[in-house]
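One chain, subunit A, appears in both complexes that follow, with subunit B as partner in the first and subunit C in the second.
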Partner chain A sequence: MRTLRLLGLGWLLQMKMLWRSTFNTLLGVIYPLFFATVAFFMFQAGDDPKPLLYASLGAAVMGIWGTTSTAAGASLAQQRWHGTLELLVAAPASFALILLPTTIAMASIGIYSMASTLLWGWLVFGIELTIDSPLAFVLAIPATVVSIGALGFLLAVAFVRFRQAWALGNMLEYPVWLVSGFLVPLALFPGWVRPISWVLAPTWGINAIRDAALGGSAWPDIAVALALGAGYVGIGILLLNRALYAARSKATLALS
Partner chain B sequence: MNVVEAIDLRRTYKTTTGTIRRRSLEVEAVRGVSFEIAEGELFGLLGPNGAGKTTTIKMLITLLIPTSGSARVLGHDVVDDARWVRKHIGYVFGGDRGLYERLSALDNLRYFAELYAVEPRGQRARIDELLELVGLKGREKERVEGYSRGMRQRLHIARGLLHDPPVVFLDEPTIGVDPVGARELRATIASLTAAGKTVLLTTHYMFEADALCDRIAVIANGEIVAQGTPGQLKAGVADGSVVEVELFGVEEDSVERVRALDGVRTVTLEDREQKQLLIVQTAPGLELTHAILSQLNGTSIGRVSSREPTLEDAYVQLVTAA
Partner chain C sequence: MSYRALFGWLSPWVFIPSLLVAPVFQILLFVYIGRSAQLESDEFYVIGNAIQYAAIPCLFAMTHLIAGERFQQTLGYILITPAKRLPLFLGRALPVVANGFFVAAFALVVGGTIVGMEVPAGAWAPIALVTAVSAFSCTGLGFVNAGLGLVVRETAVLSNIIFGLLLVFTGANVPIDDLPGWMQAVSEVIPFTHGIEAVRQLVDGVPLADVWGLIGTEALIGVVYGAAGYALIRAMEVVGRRHATLDRA
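Coming up: the complex of A and B.
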């Protein structure tokens, strides 16, 4: 019960801080419009509306990953600048329980980005959202958010240990949405890319959302996305204690 | 019973210099610090900037691993039993940092209450009690970004006391706070020992250490150079006397000539708006006022006075000698 309270409050307060950030608000307005435009111009050829919706959904999930990958690093860097990272480490609560809701909150903010990308696509380019299986669609979204948040958690563990790792988060934004098949189908990539895609939860998350919307069984994809998310959290927890010990040894918690 | 024990604590930092030809350097921030703090004691760690106060406190609160030596809080090792130690200590640092600016004071306190496992049922009452104690009642719903330095500092103290820890570490809690705010904070700090808590306070304000601390350790260049009650430290220089001379536009050469006089222990020069104050500590049994003034030829001299040494003089002598 106490763990749930800590996770819930951590998520809620992180959401509050993100909503009150001008930078994030600006990103939330500009990025979805950009994503929707890219999707439209890539897939506008032909009369079939399905490819357009396929691309529009991919662009929408790009928002979730984009927010998580950039904000996870920025948030840890800010915590260092503001001196709160040391206070969190000095608290008796498990640091994993502090970090996890932070990155899930960032992915949750991405739901707004997802909705507004779909809205822009509909308002500006006339891409209509038709959903084949509403229940699977509604469940695929939180499953994708949680699994992407868990991937953000794994990245955040590196940010705790390495001060400059936030740059890595920004750098990973585009490659991950590319190899996860957000815009370009995975079948078009060379064979060696596929194993990389398979271990990335966003690949299964977007597959689940597309299957639910365009027809197909979303459930196996949802299960794999959640299993991968759980795996990231497990690996993150194992690495976190080492990362914290190293940060305390090398005195990097307070430096920015 | 000793609540805090530091045994030969050392901490080395690795750093680099240069941009193209980078060179690795090792800086010894703390070099063999040992002290004990008894239950209910308010212990001061006094030293100039960069002396190793914050590094020492960070090792005690489990944020830094000592390079060598050991430390125990309430009998528990700060490295091997870090989580236990964290549950039983409070940590407050000075300055603007360490708060979530976009959240209200109430949200900041709610979050840390949860991190310190304060019972959910008693959380609101405990937060209210602490807001009352630090004088922030009625302002708790405002965002911290609009708070003054003094209000932030008081919020820091409330945060550090949420779980009612028996040991509290205060790292320069009055730094940058206006005189009235600092006085109120000192009253709050004094009330902590009255409530039975053991407190370690770091500061570089002599009067603060003198007014609050039961015992003081003076730290300079990473080493403890003296330890005792404020009275014992003052007694170390009580056999001498202090001559203060107000000057207008004194040259460095003149100050050096005063420093070279036989019987002069320490010389400090403080800027006071348009004038300077030369403070000279002298050995006992000597009357050096005339000799000092004769070395200041050509400098406009204001008020000249002689007085008994204070804790500040003891501190200056100790730190200068280190």
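Coming up: the complex of A and C.
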């Protein structure tokens, strides 16, 4: 129960901080709209038989990853700049339980972006959101957010040794948009790309959301997304413990 | 010296992921969306996105180089010197143009190689010229961005929004003819539209002599934005002095 309370409070505190950030809220909402607009024009002008809703849902979920990748990459560096990293690491609570809700909150902010993209598609391009299975749709969204937040957690941990980790997180924005099939069916990629797509939770998240909206069984996709998210958290905790041990023994936590 | 001091992205840990790797993936993203939408050839997206990505170094660097002084609390010291403003700011813009050119050229070559784009051997030099002019043009817009950066606190947000607008309006990914009329009108007066079109024509084998009009228009747009940006920076300087807000960060 204490763990759940810590996760919940950590998420709420981070959400409050993110809500105050123009970069994470205003830009997080507006930036994916540019990509969505281009995609809508492209699908509208092209000969693709898929419904525009396919692109609209993909563009909407792009925002969740967009708000997570750079921010999660930079999350530990930000604690360094604020001078709070040492305090958090020294706190009695596990540092992983402090970092995990931080990155999940970053993904949660992406729901704004998702909503604004769907609204933009409806108002400007006349793309109506029809949902085949409302229950699965409603559950697929938090499952996607949590699994993408967990991927952000793994990134944050993996980039712990880099001062400019935000740039590495930023670099991964396009590749994940691409290989997760947000706007492009995975069948179009070379065979060697598909295993990469399969180990990315966003792939299953967008599949779940699309299946719930367009018809299809979303439940297996939700389950895989959550399982991958749990896997990211497990690997992240192992890496984090090793990184913290090394940082403590070499006195390099601050990196400065 | 100001460029190296104020544009922190020159560190390889930022330069390589943000200015070399990211544009290649932007190209691939739109190449694949284009294949899925069955709209244009791969070459169309490689050229459009490679040139358009020059906006990232041009917009962000100009903001770092001028508005960044404010965040470093050094703007007042710069503006109190008797140095003439025009060479002071133009000197800062030159490496920005060079960097914008390099980033776009790198993305064009690497992106083009990945998708197997064929370019006539004689077209490379004219393409380099157009790429440089496009980087110059966007640096002009970067001046405007830097001027706004003297009064806007969130310069990264502003730069990203301008980048997004350029992505939509320049025809980098959507043929200009497929945009609504008002968007076509906007696309005519912003950087990159004419540069992208010129490179596409050069790759298709059109001789340089036939795209001089596009190149000249692109350069003129850069001059107009540069002049407007310079005037904006000077105006912001006056406002900043009058209201003692130069260093308000």
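Structure notes:
As a convention for this text, the second predicted complex is superposed on the first by the 240 of 256 C-alpha atoms of A that agree within 3 Å, B and C clash if a C-alpha of one lies under 4 Å from a C-alpha of the other, contacts with A are read in each partner's own complex, and residues count from 1 in each chain.
Assume a residue touches a chain if its C-beta (ideal position, glycine included) is under 8 Å from a C-beta of that chain, and two chains touch if they have at least 3 such contacts.
Keep in mind it's a predicted model, so treat the numbers as computed, not measured.
After superposition onto subunit A, the partners subunit B and subunit C occupy separate space and fit alongside each other.
In the superposed model, A:84 lies in contact with subunit B only, and not with subunit C.
When the shared chain is aligned, subunit B comes close enough to touch A:13, but subunit C does not.
Once the two complexes are overlaid on the shared chain, A:175 sits against subunit C while remaining clear of subunit B. In the superposition on chain A, A:162 makes contact with subunit C only, while subunit B stays out of contact range.
Comparing subunit B with subunit C, the partner in contact with more residues of subunit A is C. In the superposition on chain A, A:132 contacts neither subunit B nor subunit C. For the overlaid pair of complexes, the smallest distance between C-alpha atoms of subunit B and those of subunit C rounds to 10 Å.
Common to the subunit B and subunit C interfaces on subunit A is no residue. Residues 13-14, 58, 61-65, 83, 86-87, 91, 93, 95, 97-103, 107, 110-112, 114-117, 120, 159 of subunit B touch subunit A in their complex. By the touch criterion given at the top, residues 2, 5-6, 9-10, 13, 16-17, 20-21, 81-84, 86-93, 98, 245, 248-251, 253-254 of subunit A touch subunit B in their complex. Interface residues of subunit C, counted against subunit A in their complex, comprise 9, 11, 13-14, 17-18, 21-22, 25-26, 28-30, 32-39, 153-154, 156-157, 160-161, 164-165, 167-168, 173-175, 178-179.
Of all residues in subunit A, only 22-23, 26-27, 30-31, 33-35, 37-39, 41-48, 50, 162-164, 167-168, 170-171, 173-175, 177-178, 183-185, 188-189 touch subunit C in the complex they form.
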